[in-house]
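Letters A, B, C, D, E and F name the chains as they come in the text, with residue numbers starting at 1 for each one.
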């Protein structure tokens, strides 16, 4: 894995805010609490959690068109924000924080591969911070945690599985896999794509084993940064 | 698996056209050849392949809003059409049919779960037919096949893995996985989501084994329907 | 007229569903009941009926761009769906089925001319079926029918009026007219366009006479298919 | 018919510009020449003609939402501008003015019914003026006129056919018909809608006869205003 | 200043309607009263005022694309309508006419420079007329006027400041400034842009002095046209 | 003025990249060079410069809707990015860097008032850096500088003019003015709005004098940070 860092309280106004650094990939992850739920959930006494993802136009090697100027989010953006939402919804108990919505925003300010896994791993901390604030304010009794989740990418380059690929590695790999796991080593999401040729079941198992080690390490980092575990 | 049927030459004008039936799920899959490639590929002497997906408003239990009227495709639609495109791009050699684009359309006329896997499995045949037509017309020498691909869903319901879920099963399952594989049992795409609780590595292996059997059967059906294999 | 067929109960979930076949033109027509009316009608105790129209991208000789991908419906699409809505609103008594909306969808899966007249003629049956279902369910006492309506195209080709033009005839005709009529031979809609040169009043009368015969036959077919009349 | 007036050269920059007044309905009609044709016509040596229609937000009794602010043109707007385009394309020979586009704009500044027929009748003059300017500038030899066209509405109110309905009449009429005709009494477009109950063939003939008289008068007015005929 | 004219009651339905003429620039300015306020103001007992701006496609020397057809308003349009809204909100007391919205529309039918300043100066009168009508109808006791406002452009051409530039002057000027002022000579809005080179503080003062004289004259014209002052 | 900081080379890929900090307002400003110009400038041998502006959804006290998700940029966003573009175009000679486009992006990651003036002041440095890189790469001979520009806000709070307002001050001020100036004290842009009551010419002069001092200081900071001037 590349050098990883989570900077809590990175911006001032969000209920949770974390700068997530995976090598040269940098993502601002925030969690915002809103005192309402979408219409289809009103009156059911439960909460909701949703995620949005974006990239600054010049987060990338060559400038990308701004989605707001273009008038719509790309398929890739929507795919990623749906993945983030599903991953973090698995981490918390939506029945345990009232009719509120947690809005997660992951905005990439520098992109060198792995932005979706960095987003998930970092916004997990921002969401935890937002729930902690609700506990402090007496709105809920405890953080409605199911289990910590983190995400990592694994790829196969010239037949060799590798963890946490940067942009150059990602561009040249045969297989690209994103894994979201809990602290107990169970899967929340697996998304694997054969970019070059198809991959075998044994290679899959090798990649998943590698991912599990990475995620275990990431979840310890998350807990340490939140003060839930000692260094 | 549910009762499965592929009806070739279902509509009259497309270069390839297959009605795909998985139980009560019915998808019209067509393949259209266009004599050009997108701007970013012009002059490179290679082809392109892209997919679009849609649902008729009343393909579902309750009527859905028409995406054309709403003015944009949902994130789900974009996610599915990107998956179909990647899957079928893996099946064919894009360097071997000149500067042409194969446009695949998968339109669901009745939806009872598994529309994305039915789309992939059926549009594979439509694409093969379109390439066969190009061979007949002397445009290319042979179908530029890498390997057949098919797709199937697997889910876990009350702890028991099940193949090819219908809508009711899909709505109540703990884990939902879509697998795209080649005839040799290698993976092209794996997308697994823990809807209920996270799932273990051994359950994953059980699901993938089940998927492999289903896909093996589907690829035999594809070949029989194309006359490449006897019943 | 070309060979015409109406296949009731073509899809499984809609309250009314008819595959309409006019020669090589095939349209899936469905009617969906919704238990509400648009805001401008709320509290007035009357119903509403609206129609939408679409074409599958490869329903046509060369593939058309998907309207959902393009982000808006064409002027032609809007013109057609407004025509379908007006025609079927004339067929039923909007005051006689409570604060409900009947949503009609006409989706062309194969297009060889006359898609708008096939849509109207077929969706009339789907709407009737949906109202019959409401009668069965005890929601209303009887089908709120004003009169059956059907539609047919007439054109002038090299000076000779012809009924129910296919795509090739339509492309080469001098005059293109769509007529929507009741069973008693009165007009609901007339839309005639001089594609070549202007047409005379006597030619108009000749075309309308021809249309009336076609529509009379269509309405008998509608009734037979609904079991309201014997063969 | 209501009091009708055509004011030529109403605005300063357009190649043709006419304020069209039908009673309290007032439409600014302009014709603009552009030295190119749409891509699908390039290199064929012929011209094109297209029309757009709009209403000022407060042209109506209660303010309408601005279509530019709403982000799209309504179905009604598109239907009307397609009708205007087809009508005026019938009036001129598109093969006789080179690879140029005539863009017609009809903008309603006050609406009291009949805006589409006023638009067609007035923009005919603006188009003629634009072609005359091209003759003056030596770009073409003569105005490429097929025949003058004009348009009028006819309606049936409590069983009695009436010409050129204003908004109040239009709102309460049983049948609403718009007729576009040439000076020789032949039809370019007929669009009739049964708003109340269906209408009979004899009533249709009565309406068309009335329309013919109105259009004859309108075409004389068009010619007088253009100086092609004496008062 | 160019020849200036304000024609009250220019159209028939709006609560206030003024044709504003500054030389060859002509703008239809209307004020519409709506009996509601936007959601964020409901229940506060105060009113709102908002403005929209548009140009007819052929108001300009060469035809502009229609914003409704293009699907969105340009940045320039939005900038102008925000300026008009702020300017006229300063002129009236929003707390003094109940929960109502005044909607201002400024539609340019001929553009020869200075359309935004003509819009502000003319729509001030239309707004006053709309409030007067509310007084007549007994809805409010008096026109909730803070102070009259008017607007004028000033520019520097080859070092010489000039008032009320037309299109040709505007295109060639070094500095372009729009000033909105009250009758007492205080500023409501100043927007100055160095088109050529930057401008000095003394030139700014010269321009503002010139603007003040123009605005003083404009406000006298507004009052005369409203009958609040004698000629 | 609040505490101000410019952090050069803040992100890794852009040709110029500056984190701009004005108190609690933080803006990432980047400059990207593209080797082409918009169509309307092709073949003229000169360059272009354009700016875009955005805010992260949770840069603000309460979360704002993401413009990319909403599908369009607000009027405010467009107004600001047009202002930034005009301001920096005045700073450089567009004829002196070939047919290239400088794209400026100002993305607010934390907003406490004055985001537009911080954007202009910071992106000036990023643009300078991008041009310096072009000099280093031998693409141009020298930075095509006309003059340094910087921007500052001035407001009047309870009758007292104040420089560089934060969000709370800005919300409560009577007058809000943004000034863009060159190092020689000349104006590039002035935009002043009376939020409370109109303001007098003498108050304007007081504000402009204050702005001039602030901008002088800012330009010295810009030069120091670029190493063009000693501390």
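Rule of thumb we're sticking to: a residue touches a chain if its C-beta (ideal position, glycine included) is under 8 Å from a C-beta of that chain, and two chains touch if they have at least 3 such contacts.
A quick map from chain label to UniProt name: A, B, C, D, E, F = Ribonuclease PH.
Since this is a predicted model, take the numbers as computed values, not measurements.
Minimum number of contact steps separating subunit C (Ribonuclease PH) from subunit E (Ribonuclease PH): 2. Mean C-alpha position of subunit A (Ribonuclease PH) lies 28 Å from that of subunit B (Ribonuclease PH). Rounded to whole angstrom units, the spacing between the C-alpha centres of subunit A (Ribonuclease PH) and subunit F (Ribonuclease PH) is 33. The mean-CA centres of subunit A (Ribonuclease PH) and subunit D (Ribonuclease PH) are about 58 angstrom from one another, to the nearest whole unit.
The set of subunit D (Ribonuclease PH) residues touching two or more other chains comprises 71-72. The chains touch one another in a closed ring; read from subunit E (Ribonuclease PH) in the direction of subunit F (Ribonuclease PH), their sequence is E, F, A, B, C, D. By the touch criterion stated above, subunit A (Ribonuclease PH) contacts subunit F (Ribonuclease PH) in their complex at residues 11-14, 17, 24, 26, 28, 30, 32, 34, 52, 54, 56-63, 66-73, 77, 103, 105, 107, 109-110, 112. The touching residues of subunit C (Ribonuclease PH), counted against subunit D (Ribonuclease PH) in their complex, run 72, 75-76, 78-79, 81-82, 86, 90, 147, 177, 181-182, 184-194, 197-201, 204-205, 208.
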